[in-house]
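Note that the chains take the letters A, B, C, D and E in the order they are written out, and that residue 1 is the start of every chain.
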Amino acid sequence: MTSSTSTAQGGVPAIEFKDVVKRFGDNVVLDQLNFSVAKGDRVTLIGPSGSGKTTILRLLMTLEEANGGLILIDGDPYTHEYKGDRWVEIPEKRRRVVRNRVGMVFQQFNLFPNMTVLENIIEAPVNVLGLKKADAVARAEQLLEQVGMSEKRDFKTNQLSGGQQQRVAIARALAMDPEILLLDEVTSALDPEIVADVLGVLREIAETTDITMLLVTHEMQFAREVSNRVLMFDKGQIVEEADPETMFTHPKHERTQEFLKAVLG
Amino acid sequence: MTSSTSTAQGGVPAIEFKDVVKRFGDNVVLDQLNFSVAKGDRVTLIGPSGSGKTTILRLLMTLEEANGGLILIDGDPYTHEYKGDRWVEIPEKRRRVVRNRVGMVFQQFNLFPNMTVLENIIEAPVNVLGLKKADAVARAEQLLEQVGMSEKRDFKTNQLSGGQQQRVAIARALAMDPEILLLDEVTSALDPEIVADVLGVLREIAETTDITMLLVTHEMQFAREVSNRVLMFDKGQIVEEADPETMFTHPKHERTQEFLKAVLG
Amino acid sequence: SSVDEGSGDGDGGKLASLQESGTVNVAFNGEKPYSYQDDNGELTGATVALDEKIFGELGIDTVEGTLTEWNSLIPGLTAGRYDAVSAGMSILPDRCAQAAFAEPTIMYTTAFLVPEGNPDNLTDWQSLEESDVKLAVTSGAIEDGYAQETDVETITVGSSQDGLDAVVSGRADAFALTGISLRALAEGTDEAVEATDAFVATINGVPQIGAGAEVFNPADTELLAAYNEKLAPILDDPAQWLEIMGPFGFTEAEMPPEGLTAEMLCEGDLEKIATELGLDS
Amino acid sequence: MTENGIWNWEHAWEVLPDLLEGLVVTIEATVVGMAIASILGLFIALAMRSPSRWVTIPLRFVVDFIRMTPLLVQLVFVWLLFSTIPTLVVGFTVLGVHYATYMSEVYRAGIEAVPKGQWEAATALNLPKSRTWRAVILPQAVRNTLPGLGNYAISMFKETPFLFAISVVEMYTKAQQYGALTFSYIEPLTLVGLLFLLVSYPTSLLVRRMEIRLA
Amino acid sequence: MSDFLQTLTSRLPSLGDAILVTLELTLGGAVLAMALALLLGFGARTRSLWVRGPSRVFIEFFRGTSLVVQIFWIFYVLPVFGFKMEALAVGIVALGLNFGAYGAEVVRGSVASVPASQWEATIALNMSWFHRVRRVIFPQAWALMIPMLTNLLIQLLKGSALAYYITLHDVNFWTTQLRRATSETVYSFTAGLLVYFVIAYLLTWGMNALEERAKRRLGRGTRPSLRDVVGLRPAVGTAAITGRGTAA
């Protein structure tokens, strides 16, 4: 219901959801959701468990298929389009062109255990973007430097701690030079002390690049520091939308107040 | 180094570690650790990842074997004892007698998936304590009531959410009427909103029983509310020890300050 | 091993092509003394000797063999994996519909392999029926049929060696097989067994005339006719037959009586055959 | 095979009753064999967990030997060496023991797949070892094992023809016998194939069903 | 016994040929089976019914009807339709088809037990399907499937004993002939049994080495002790277990 087709900056939004519907069986998770994210925006999604936050990111990564509506990246239809009045899937071939603009970091890192740290990072740049291997390695080393993992370059991924794995996963996503970076609770599988570490890396990326970021997190402190917009979800709908300061200090909606109370304790 | 054989209340301590050594291969995790917990005490262990907190609980549950020293429960040697000057294992038969006084709740719940909720709870009282089945069921129902899970009595455990599973796991441990309850990060596998729920249950138990509790948690708020003593661990040693208020507001040791800063943000 | 020679597409081209190549490939089951490999791996045996003679006269000088399982002999012939089966296979009415038999070359009698001393005193089929021995028979052999008709208790074995093992181990009291094979079997082993004298089994009052022959693919009619033509003089001349078969232990008793034809056996009226040949007892 | 084409329905009908009779033996052998395999396999898997090398090393050797040598030979050996034991008993037992060696591996994997946390929970509840096995570990392990069990049943089903080596006549041998007597092999053997399929396919469906249910 | 030894010795040269035939069948069959297993195993996982349907039919058919019957058809019936292959080729094809169908279930099961999150990571990195499988999924599934493939390989080796049925002279045939020549069932079979055991042992040994290598690639190497390498325990990967396609 409460739809939010906001963004001021003008120009084509980086991400746009138009009437997106997603069902799992009878369970309607997203019901005609509308929202958009402008280029360079850092948007945090918050909301209770099961409200559909992860689903939004997964739709953007084509890990799930929508049941209706349009998802546009830079104005280009991505997963489906309307041909006349028929809603049709866009073939994988065309999707792949658009998908290059989107990167994702997972809660469980999902590194490839059969490759070393370096191999994890250069695999896609070499084989998907067609970079020369030497160039990919150079870029990977630069990224490893940035996330503080240079000395683990040739380790197998399961020799790393969770925090280290997550830092490599971030480097791997960045190696594809995405315009949009999706982050789903990237710290919640980590030890509390290490969380700060990974968040530091992300904060630096947010400060030094102009990548559009869409992130789901329970670290309200982090959301506050990094994002310029917070969307509160409940039952697949945007309940409230504000800049972080306002959202965390003066939530308007009752559901938001309740939620923040439970999470912030 | 810093050893702490404290406790004022007099009488035999519920738990006593004397010069306990634990190694994994070359990695010395606990090096001559000494500490004790008085009856009815609620002690929280905090400390960075890898400092040996879980190892202490696992030693107390005989899930690991110590490499040296004595562990006493109510003054009784539990896992090993000195015969003359030889350090010998206590046979399983004698251990079992002592072990009945100790219960444990795990981070990952570890419910038995082949049993219903009720069966999970009465399994040990019937087969270990030799309770009559009817009595065990009556007690189990009372406990399920207490943790708010009465209506899930006959569900299979995999039909429950994480928070519900953890509440059943708590009831299961309590059904054995332990004198000592060990809790290892019992909320860290749960969704943030649900954490409060489980902590509430534990708070109630702390208030209404006089079970000795030894808990590891990253929920400082909870540690503050429930425990009357906090031990800060680092590298298998107790670095600092205080009541929660003092510990969280005026940590003395530098390592503690650092740690609390990272965790509390 | 097998060669892609025979093709079964018959209508007479087969004989010519065999003559041209000078080689015929026959399948055999490795059973002494019919057709088997000697210690040097050479193909030999009574039916092989006969084949060599007959095919030689047809201008086919080399007889090659394909050693295969009993149950593969006929499917392989049908599939054109070889040109004929040289294993002294019994001519039975049912079989005649599926394969073309040449004229009979060996008469079959039956015998028993028994523990040394013949504890059950088995001499012929009647003595067997009267005793309560457990008889081993080879799967699909005629003795299996006899046993079923006379309600003799049997166990079925896969090969003559299996039959021997069954008797030695006490799993069976006796093993029924053609006299010729049994003799070879008893001679080849050190075990404490012996073969009884061969006899013509009389089942329900009818003497069981059995005879074996070369088998051809039904499509190769010309080859069959040519084979039969060269076989006839040998069958007519006991001396010549014995000269060929004798070295492998065959005696005149195993020579088919005059007048016995594949056609008669294919019809399968044993009573009639017995009468015609004057064999009924 | 002859003038009247390759397939003769008369032969097919004629041999079918024999084959069905043989199918009964085949199924009996599979059921009994599988019962032995699944129980003995479990005991082997349990014994292999023994801490004593005096148990595990010889057992490992015997199990490997049985697993790696042909069933046929094992059948014949036992049949000849223990000639007082009834043939069917030998056949079913050897079949069962042979497959028990395969099954033991499935069980081992099934037991190892029970999460360590289950053992720890049992210790924390102070359950005795025997009760832990019976009430906690085995129920979970066996459930893990069911699909494997089904697959081996299908495979055992098709190895029953080896029983003929010790004179047990089942479906395949019946077909060969009919072929030997009539020289008609195609009909009986094809029917054998179809009958195998007729029993295997539902079993396989069942197995995949369980696989989905337990996934 | 001494007679037996004499005959045995005189037949040893032909044992070499027999072993060669058995190895040709086993290895040829295994290569074909593996190729088919991959094709069908992935085929049975596709979303397209046009690929999945035929794959499943093929798998069920060749698992469901037995190896002997398949060999019979290929060797003895197909020629009637004018389709004739060399005996060795028939043996390899039949073993390949039959065990390929079993193997397909192993492949399918192992691929299914590679965590879905790994597929998701490859999508997030925008890899093509073939690239995903070749570089990420298969290397992980491979470590899981080897133990079950080892079992299949042993069964295939034993299945190759049907060679005699199609006129090939393999180890089984050699054993049968030895038995006929000597009338010594127990000794002859023992000889054959040992030959099979040695071959199976060597194959298992090789497969264990492969498994070790695959695991080390995943950083799960157990640094093989001598006993691991020599021992024959087909260390079934636990996730692979339980017959998700455990073949045979």
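The rule is short, and it goes like this: a residue touches a chain if its C-beta (ideal position, glycine included) is under 8 Å from a C-beta of that chain, and two chains touch if they have at least 3 such contacts.
A quick note: this is a predicted structure, and the numbers were derived from the prediction, not measured.
Chemist: What pair of chains is linked by the most C-beta contacts?
Modeler: D-E
Chemist: Between chain C and chain E, tell me the centre distance in angstrom, where each centre is the average of that chain's C-alpha atoms.
Modeler: One centre to the other, that is 39 Å.
Chemist: Could you work out how far the Cα centre of chain A sits from that of chain D, in whole Å?
Modeler: So the centroids are 51 Å from each other.
Chemist: How many angstrom lie between the centres of chain A and chain C, each centre taken as the mean Cα position?
Modeler: 82
Chemist: Return the distance between the CA-based centres of chain B and chain D, expressed in whole Å.
Modeler: Whole-Å distance between the two chain centres: 47.
Chemist: Spell out, as numbers or ranges, the residues of chain D touching 2 or more other chains.
Modeler: Within chain D, residues 1, 76, 80, 185-186 contact more than one other chain.
Chemist: Which residues does chain C have that touch at least 2 chains other than itself?
Modeler: Residues 71, 75, 78, 165.
Chemist: Quick check on chain B: which residues sit in contact with 2+ other chains?
Modeler: As it turns out, chain B has no residue touching two or more other chains.
Chemist: According to the definition already given, which pairs of chains are in contact?
Modeler: All touching pairs, sorted by chain label, are A-B, A-E, B-D, C-D, C-E, D-E.
Chemist: Could you pull out which chain B residues touch chain D in their complex?
Modeler: 61-63, 96, 99-100, 102-104, 106, 108, 110-115, 123-124, 127-128, 172-173, 176
Chemist: Provide the residue numbers of chain D that touch chain B in the complex, in ascending order.
Modeler: 115, 117-118, 120-121, 123-128, 131, 135-136, 139-140, 143
Chemist: Which of the residues in chain E come into contact with chain D in the complex?
Modeler: Residues in contact with chain D: 60-61, 63-70, 72-73, 76-77, 80, 102, 105, 109, 147, 151, 154-155, 158, 161, 172, 185-186, 189, 192-193, 196-197, 200-201, 204, 231-234, 236-248.
Chemist: Tell me, which parts of chain E touch chain A in their complex?
Modeler: Interface residues on the chain E side: 115, 117-118, 120-121, 123-129, 131, 135-136, 139-140, 217-220.
Chemist: If you look only at chain E, which of its residues touch chain C in the complex?
Modeler: Within the complex, chain E touches chain C at residues 3, 10, 14, 72, 75-80, 84, 86-88, 164-169, 177, 179-181, 183, 185.
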